[in-house]
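As written, the chains take the letters A, B, C, D and E, and residue 1 is the first residue of each chain.
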Amino acid sequence: MTMKITRRNFIAAVVGGVVGIQVTPLPWKFTDDAAIWTQNWPWVPVPAEGAVTEENTVCNLCPGGCGISVRKVAERAVKIEGRTDYPVNPGGICPVGMGGLQLLYDDDMRFPGPMKRAGARGQGQFVNITWGEAYDILAGRIAKLRKDGTPEALAAIDGNYAGTTTGLLVERFMRSVGSPNYVKPNAITDTYHMGNLLMMGKSVPMAYDLENSDFILSFGCGLLEGWGAPGRVMNAWGMWHDANPKNRKTRVVQVESRASNTASKADFWVAPRPGTDGALALGIAHVLIKKGRVDERFINGFTYGFDDLTSSEGQSQPGFKTIVSNKYSPVQVERITGVDAGTIVALANAFSKAKAPVAVYGKGKNNLNGSLYEFMAVQSLNAVKGRINRPGGVLVPDPLPLAPLPEFDPDEVAAKGLETPRIDGAGTKAYPFTDSLINHFADAINQGARSPVDTLLVFSANPFFTVPDGPGFMNALEKIPFIVSFSPYRDETANMADLILPDHTYLEKIEDIVWPVGLQYPLYGLTKPVVEPVNDTQHAGDVIISLSKAVGEATGSAFPWENFEEALQARAKGLFDAGGGLVHYDASKPPWKFKPFGNGQKPSYKSFDDMWGEMKSGGMWFQPVKLAGMDGLFATSSGKFEFVSQKLRQTINETAAQTSQKAALDQMGIRVAGAEAFMGHYAAPKLGVDRSKYPLFMVPYEMINLSSGWIATPPFLYKTIFASQLLKEESFAAVNPETAAKYKLQQGDRAIVKSPVGELRVRIDLFEGAMPEMVYMPLGFGHTAYDEYQKDKGVNPNNIVKALNDPVSGYPLWWNTPVTLTKA
Amino acid sequence: MKNQSNSAGNGTPPRTGDLVPKWINLNIVAQDISFFVIGLIAALIVGWAIFPALLYSKQPQPMNFNHALHLDSEIVDGIDGDTPQEKCESCHWFRDDGSFSGIPKLDMCTGCHDDPESPLGEAPEEKAFLVNYVEPEKQIPWFVYSKQPDCVYFSHIAHVKMGEIACTTCHGDFASNKKLPLYVENRLTGYSQSIWGKNISGIYLNKTYADRMKMDDCARCHTEKGQEQNNACFVCHK
Amino acid sequence: MDSPLIPHGVKRCTPGVFFLWTLPWLALLAWGGLSAFLCLWKGLNQTNMSNVFAFALWIVFDLAVIALGAGAFFTGFLTYIVGRKELKSIINTAVVIGFICYSGAMVMLGIDIGQPVRGWFIMWHANIHSMLVEVSFCITCYLVVLAIEFIPLILENRQIEKVKELRFLGHNLHEIMAVFAATGTFLSFFHQGSLGGMFGVMYARPFAAREGFYIWPWTFFLFVLSAIACGPCFTILCTKLTEFLSRKKLVPDDAIEFLAKLSGRLLAVYLILKTFDYLGWIYGIVPRSGLTFMDFFRDGPYGVWLIVAEMIFCGLLPAIILLTPGGRKSQGALIFASLLNCTGIVLNRFLFIIVTLAVPVMPFDRFWGYLPTWQEWGIGLAVVGYGFLVFSLAYRYLPMFPKEIELNPVPSE
Amino acid sequence: MKKSNDHGKPETGHESTNGSGQKYGMVIDLDKCTGCGTCMVACAAENNVSVRADQSDKERVITWMRLYKISNGKKFPHTEVSYFPRPCMHCDHHPPCVSVCVATATKLDFNTGIVSQIYTRCIGCRYCQAACPYGARYFNWWDSFPQDKGMDRYLTPEVSPRMRGVVEKCTFCHHRLMRAKNQAYAEDRRELEEGEYITACTEACPAQAITFGDLNKPDHKVSQLIKHPYAFRLLDRLGTEPKVYYLSSRDWVRKLADNFLPGEYEPVVNRTWAEDEWSTKPGRDEF
Amino acid sequence: MTPLSFEWQWNIEYVIFFGLLYVALGIIGGGITFVAIKTALQVFGFMRERKFHD
């Protein structure tokens, strides 16, 4: 009875409760609030609001130097955008530049401040130290080298772009210490400068007047792969392909063995075997010569070596015309390049029919060197058509009028050290025109039992990853007793370092860009800090100045500046003194338009300080394009454009005088004799490999959406990588389906690419646009450092490149390595 | 199944009287009803009193701010304008890009309250302000009563300048406020009570818009003002 | 041990045997529980679903299970509305199956959506143009109805029945069951149809899309038809399985035979209409989308054999068996045909979901394939385990088969 | 109660944006497109799109703007590669995703033509993904932002970061419209000039291949470009009426933009420049 | 959704859709309420329960 009533009452109370709770907010509010909770999960970030500002600066991630503006909310940078008020890139930038903030804010990728190695080399284990300690360690070490009288045991690898002030300061520091071993990674500009020196007598930047050309014959130049200033080239590309057919005057022909983006999107694609571009250029020149479609006025008036020559001894030497006529007929060239002779003739026709054609030379992006003779052959083609110093052709500009840094006298120790030969052999008889040879630098260290380098400074470079034959470089790094990295990033080379003195990233510092690659008018770009340094970093330029003072009085006196900006200003003074030059850009007057500008436009500033202020806010000093007069344009001994380089001939002859002609040629790696050796030509490289064992060639290629240089790839860019290029941890090698079938490989199969120096595991991407018998691998994958986005993604083809030396320049021939392909 | 029929007849004997049938046991009915009511009332207490008390946290602002005092243009320099609106904008202004600056940062305060040694008034709050924030140059961590969640986009300029809506319509009369009210936050959602409304029932009582700022309130006002096109999702969501 | 709970006059296995029997199903439930926890805690990255396979195994399970559960509403309709008396011997079974299927589907859906806590937005912020809203509404309501239909049966348990209040409740519910059956029929009819509509209205997905007449009423009725053609077969299958396992006859032949015959006829009608649907699609939507029938099968793991299997082996064949009196009479043939019929419906739903998504619409996109993860299988199979468990419990403790005592007189003790 | 609260839907009842408001659209010139991917990166950076360690999982990676690589499939050396940048098409007629959404989380705004997606409304049922033939919709399979990498420092407050379990997609950078409107209001204007509101991808494209504007305004560049003989749309015949148009002078590209029965495709361009130039077939024997 | 929400639209589709929904809910709710009240009355004894016959 009691039991029953209790149960009954309980039920009544529960029913009452259930009914009652329905008319309270609890169930409804709770349901609603629970849903709102999911809309504001505490672990979903809420970006802070604030005043929005736009800071104009210049991108420094590649030597292209595009104008960017950084959108900031309060103190945070939230977006990078292209600037429409910058002459190089009217609005657009490349994907790497677009993702730049991830390089700034990714903690896993950056060093928090100065650090000392804690773990084994390469492990990336470091402990924090203070800047004071860092200076003490490094300055002490350098001072000791000088005390011991071995300042040459200090070496520096400097990836700062050619002509930049930081680069000059590093070089100056090395000289003031007394070491000749200042090494730069080789870039395409080195090939340009050397070629221009040999053919035009001056080591000037390459100035292709692309915007005014109506026929662009690009020899391997990665116009859409990031060559030059990507913002500029792609903007030009858009112009060339205007939707209005009337505005579509420009045709682009790409010469490349693989259907790269440039090749695919070009109006026509010609596919010679890798490394035979020079022969194709000469084949076209052959047709032009045979058809009489050469620019005789230019050839007769302003060139040397076109017709046969009579040497001072009275011997007749064949000139460019004879050699090309004899050796580079379309049929002969077809044999070398694999390009159909008819196509060569058609190309020549198109080239000669165009009003303002230009032959452009490059090898993918700017990061890697080209081949000297190939470049000379392409330049010869331009010269045959008289495309030198013409609108829409190749311009011959004066260098930027930057004031040189004041001379200084190295002290006794330094002077003695500077007399020791460079360990990389650059500038010797074998490579007389070369400034530095990073591939030989590693070889020199690996040869001896003890490393000739005691302390290595690395600036803005990651040779471990970017230099062909990476394993060789790694061995060298392991042998060097002490390595100092100035990289802000935890890159492969930095992970090998003993001391880290992290630089600012490009958004945190002032830096200059001297003449973006390929631009046809002089431009000096100025990057400025747009955010406060995120980490405890210091500008490498400032560090050098402080370090020089810490090392000793003698070195310190070579740096009469308080800080880096003073040094910058000292150089920029030259721009002011030169007069003229614009520090503002009016989008309605593109600098590549010849007409609207006279030569003496009025400067918009009064004093140097005025100009410097304008430059810092605008990020530029430039002069619109102008044609130089032909008088004194070429600084060669003939005063003309030289098809046959007298400078080269003289150098070879000098060497030959001491030994023999053959020995001289062999030493420089030249495989032709006679006049041909002094002009652009094609000679098959001596591979030194049994081709029956390595029947295929591996060709590394570059992509615009993947960094292959020192700069890491911002994680966003991996969204743009196709699954046929990278799948989880494996990268792909593109192989023609026919070739793949020979090796019984199908799409996605795993395979081993083996070269004489190593092997890599890849997956196979069957690509019709790949030349048969070639294996194409992208550069930029295969990092073993940085963060989870970069690390262990794919393989780095540099690791198996068997780099031969380019004749004369000694630069690595990284584009054809004999390999085998086997199914894994 | 026989035993069913006599179950109702259990218990006390039926009362006499014609109003209630004999088989009804009023005693038991009264018991049932009273237990039902006990449950009901308990639920009402839980739902209307205990639940809201648990749901909301109450916090004082880090320090007091006297709006009334600071809006007196005789006392404070820079409070310009004829309308209350313009006066508000003296401190809560629009930036050039049309965005709203919100609560002023410390540098606006230090325009006057610059010296920790010499306060402008007697109030102990000011002393504390000078010591705690001005001296160490620390921003005041204000609680924002009207902070919409991150999914909401709100353009002040569209409402104040283009829509000519007075600040008080949504924010209430803060100008005459001498003491900042407590900040009440929903523990579960993190919303300020000013957004979701003080009325826990969630029923719209048609008081003022300042009472709450739910989506329905935004939409209702848009509709009333003939701005129905602004009820499109992306106008208020980001 | 649990004998006080077991209905009067029937014989059940010992608690030990019963416990052993439940073990595998409990294991499936545990697996499912772990999977569900992972999916709710870590998110749907635990599955192999993707932006391509936005719908996957769970939705196939859902649609299949809901079609198989259609026996409940259809039998209810026939029993309470049409008044087929012989079905009273099987209606309880149909209701229990229906309840299992629908509640299982609901749970699976709850885990399938990315934001389960916001699930009620479907109701509160309903987009009435979405077929899925209609489906959700009807399934939710119908689940309530099924619960209401199930409750009286539960209340008939020997012990529960002793509580007077509950007994009254049960009786009263039973009395107005026809109202609920009618509502259930209405709701079920609509959502079964809308499930078809769900795919038919995806007009930019040529494999699923139907247009005009072929959406309404064609696809709508096709889905209803296919569901009511296979639902009874599933009921028969479950009954036969129970009979096999308990080694008892539980349902009189007339009920089974009636359902089988009906199933056969409906299946035949369905097949005819479905053939027209395919033809209308092949000659209508497909060429209008710039495609040919074989384009949908030119690549990828899902070949044209799926349609052959669906229409011929799992459609025509069972229809013939079920329409033949001999086929219905033979236990083996009947079970075989029911199995095929149920497989057919699963195949049909699989085609509509997986193949629709696997086929790329943009010509430069590729065919996709999909394999579920163990978490997806876990939750899918947990529904199976849950079904077996509930059905076994209901059989053991509730008078699910009213004719059981009559058909299996207890030998005098 | 007023007759309708249909967010300014035009009286005609026809579900498209041919009314009086704006109809924002995009034209992408595939001849200009270089396939560099800047649009994808700009989009991700602008819209706080999540990034995960494995971005090669193309079925789950979030790319509001996605580049598709297409090829003419011819043998070496006649192979050509091109790219289709694919944002959300913002279908103008009865967007397939909108009508299926259960919780009204996605809608076509008849005043801008933009198909919105509200993450806090979305319940993650993914029916919209199933319905969209362009694959333009993305589900958040993971919580999007790593907490401990400092990477949340570049997030912009203009776009709300998404929580896991919801669908997201290209919004035509709607916040930029709001930004432009705020700017206009600050300058006492209500109307926007052409170019004041453009998407991040439009702005970023270094080849200026993307044009953005109001298709309802005949003087806007997009309105003129869509009349270009090279203009076409992706999967046009499905009738979704995308507001994203493409231009290409290459027939093989145009042919890949839609499904065609054999013989159905009519070439727009008969000869390319290269074919013209090479048609003379100069003999090799001359040299 | 109720007509009180701003998302509600006064057109025939809404009325039919939600009309049917509310009718269905009404029938279910009404049925349950009816049974509940009836049971309560029986339990409370205000009503004689009838004998359940099958």
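Remarks
Rule of thumb we're sticking to: a residue touches a chain if its C-beta (ideal position, glycine included) is under 8 Å from a C-beta of that chain, and two chains touch if they have at least 3 such contacts.
Since this is a predicted model, take the numbers as computed values, not measurements.
Annotation: omitting chain E yields no split, and the remaining chains form one piece by touching. Looking at contacts between chains, the pair that accounts for the most C-beta pairs is A-D. Centrality by Cα centroid goes to chain D. Of all chains, the one whose CA centroid is most distant from that of chain A is E.
For this pair, chain A with chain C, the centres built from the Cα atoms lie 64 Å apart. Here the spacing of chain A and chain B, counted between their Cα centres, is 58 Å.
Chain E has its Cα centroid 27 Å from the Cα centroid of chain C. Separating the CA-averaged centres of chain B and chain D is a span of 41 Å. Among the residues of chain C, those touching two or more other chains are numbered 115, 118, 121, 125-126, 129, 164-165. For chain B, residues that reach two or more other chains under the stated contact definition are 4, 28, 32, 95, 97, 99, 149-151, 223, 231. Residue numbers of chain D whose C-beta contacts span two or more other chains: 2, 5-6, 104, 119-121, 143, 161, 163, 165. Taken in their complex, chain A has these residues touching chain C: 8, 11, 31, 34-35, 37-39. Of all residues in chain D, only 29, 31-38, 40-42, 44-46, 48-49, 51, 53-58, 61-63, 67, 69, 71, 73-77, 79-82, 119-120, 143-145, 147-157, 161-163, 165, 200, 203-209, 225, 228, 230, 247, 272-274, 277-278, 280-284, 286-287 touch chain A in the complex they form. Against chain E, the residues of chain B that register as touching in their complex are 1, 4-5, 8, 23-25, 28-29, 32, 204, 215-216, 219-220, 223, 231. Only residues 123-126, 128-129, 134, 137, 141, 144-145, 148, 164-165, 168-169, 171-174, 176, 179-180, 183, 186-187 of chain C touch chain E when the two sit together in their complex. Partner chain D is touched in their complex by these residues of chain B: 94-99, 149-151, 153, 155, 157-158, 161-162, 223, 228-229, 231-235, 237-238.
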